[in-house]
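First the structure, in the form of structure tokens, and then the observations on it.
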């Protein structure tokens, strides 16, 4: 079993039984929130590792596809749980938060951590440019419905949902095309970016074991997400926080913890290409894959989700996309650029903290 | 005559008599709209070719100036027709649509078409950077009056018109300076961009013939534009579309068709510099030359045109300028970048479709 | 004394006694405004020179720090005078105007002046990229409170002030980090940018003399600023201008005059790195040092200053930051890029002129 548990974060697995115990005992929701959040962190990491091991048993093409699609499974599961509860604002806040967290906090911390060791770190400029452009495209997908909502509020909810659905389809198609680009027609640009099981310095798991671990972990994440989402409202109330702040900042931190530790580790090994790929790729998946899938899924639940984010969320994502684009455009990073990303995150977090419900 | 008719699009010329016949017969406005639109497409192409032939008879300086100034004569004629009818919203929508169509659809389609044949295509980075910066300047010229309108609505129409006129003058001066830059002081940067009659693989027409064709074609475009503009309102009503959608999407497609086919052709010949120059140059002419000229002309008609575009138009142009800037900044393109531009266009078109009148 | 007076601007010193005489004689406030404004121009230049001489007597580290911190002392003194008068709108307008003036007018004029002599001028791309990114960070610091104000206006003044204070702290920390970056960890990037006393072609002043001049000049600027600020309101009224226009355009021109002449001079000597460093560095100091310091100082005066700028100010700064970022990103400049910056400044000035109070 030593091959399943490889990170010091795995000690947090102890929170799985604790979270369940708290729930059963109808303990303080704050405890349930904290325990389930702590439990998801190592599970999200294991999900990533299990996916990587699984991919070593399938062809490179399918493998990359699996990797790319399961990369944010934890976020997707959390969001689905919130969606089922009808907490649309929390769903959208967790998407926003996950994007912000990845491109500002994860990437910023990576650049700081790497930049303290190396004067400057290089990464593939073409791949970075494509990432920035796709981020901007994703931001456009957020801006348009929000702008529509504020300039044509009288069009009614039905039309806004129809438009959201169509824009979700465009985003989904762009995601598919971006996979075609990065996995097939321009694969070589991303050559240095795959970090498979071997990078983790271990023998790949067997196929069955990979699938078994994936199944167990996914189920556990689903259970923990149920508890987490159920505890958001009373927790926010108790801490005097808004649900949006909890979704944008706290839940997103939980969902991104695995990417965070991996990206920072890679940056410290001077593999900035990987760190950038993880942070930006993860954001892109949230915006171009998870968000559309949630819109589609919402129709199954009978409560159509629209893509109309709050003005502040839209502005925050747009700002972040531009800052990352500016910082990444030269294909180099240093600690100060990382500090700037973290600084922007701090200012946004301050504003989200003070924003009313 | 074979030298005048060179494109398969020329078969659409048959719609000239048809459009007139429909108008005389007071036929369904939908038919008039469609026929006059189809007729303008080849005429706009011929206008461009005639201009190029004419320029081979004058000095390089005057020739480039002619080329640059007549390049969007079709759009200008259509807009003047709408202006005379007092359809200010349609005028502005056709400007917006022409800019969006050129930098998103024409450039995007060119990048896709070229990118399917070539893994990556290069274009002059300095010229592209100048183009992006000028586009941003043009966007600023749209943003400022709109923002003024929404933050100081109480200042009244007279002041908004005065401000629009002054901003139009600044834009017009910037256009003049940009010609000075590209045709004189930094001509060499654009060396690869001129595509004159010889590129079309034919002998230049005589001077008289060029002028004659120009005169006839311009007159025909003016007549067709009258019919087109007169049919916009009933057509929009009949199709359940808003006039803005018709202006931004349909009329703009008609006016841009010639640029579209030329740019795609150039991209497929791996002359991405030319394709970029056509798409961005055309947008810049619309914003920095056609728009100011329309403002000036509106004073002759006694109904001053302001430059206050709707928030959605301003946002759409600004978004597009940034996306194109991001995509073009590295001086390279590939099919995915083209697909992104088309994707942004699709999302904007969806929103314009649903926007109320 | 010939070493203190080195610039033809120094003849303007004659306005010091004149301004005082006008004030004592209770002359037309327009005269007081004009005279004190003219007096500040050479004083700001002398302040800069005295600082440079002083730094030749301390270690390089402390020297650079002094240089960086005292660089905008004139603006700070003017703003403090306005702050003490409770003219919060004027304080903020002068900050906005100083940023716009530096990155659009000073940099634009430098690029034009240099570009008329040299076809293209290069500057350090990494340093320029860092400058652009920091400018964007500063813009974010303006955008967030304004956006908060407009989407959550009901939160009340107390919360807006608390948020402004926290954001001011973040900006201040980022300024400190940027000094650490440019003066210590990545000093070599800015190697060509220091222009010390020797650049002025003279022997450094003695330590005592430097301090004495600094003290006298600072006192004189403070006195003149009192007169200037006191005359803003009646002057604006008399000229039919708003206080915001006077703050953004006129007062800022006065505060920036010294940077202006130095930067243009450097550009004409093909030292574009220096010109860029002066213009952008000065803007960054205003946004990341002067603005936070004013917020902190306002608590001493018992009238807390918030960072909520008007939508037009926020938009103007954001637009300018993007235009400069686009123009500077390739590490090259030419006269047309300079003309664009001036063009954007002209359009913004037109709008500010028409904006209501």
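Just so it is clear, A, B and C label the chains in written order, and each chain counts residues from 1 on its own.
Heads up, the rule we're going with is that a residue touches a chain if its C-beta (ideal position, glycine included) is under 8 Å from a C-beta of that chain, and two chains touch if they have at least 3 such contacts.
Every value quoted in this text rests on a predicted model; they were computed, and no experiment measured them.
> Rounded to a multiple of 5, how large is the rotation, in degrees, that superposes the C-alpha trace of subunit A on subunit B?
120
> Suppose you list every residue number at the subunit B-subunit C interface; are over half of them used by both chains (same) or under half (different)?
Shared-number fraction below one half, so different.
> Just give me the whole-number Å value for how far the CA centre of subunit B lies from that of subunit C.
40
> Would you please write down the residue numbers of subunit B that are in contact with two or more other chains?
Answer for subunit B, listing residues that touch two or more other chains: 322, 329.
> In the complex, go through subunit A and note every residue touching subunit B.
Touching subunit B from subunit A are residues 125-126, 129-130, 132-134, 136-137, 140-141, 143-145, 147-148, 151-152, 154-155, 159, 162-163, 166-167, 170, 173-174, 177-178, 180-181, 185-186, 322, 325, 329.
> Which residues of subunit A touch subunit C in the complex?
The contact residues of subunit A facing subunit C are 119, 310-312, 315, 319, 322-323, 326-327, 329-330, 332, 334-337, 339-340, 343-344, 346-348, 350-351, 354-356.
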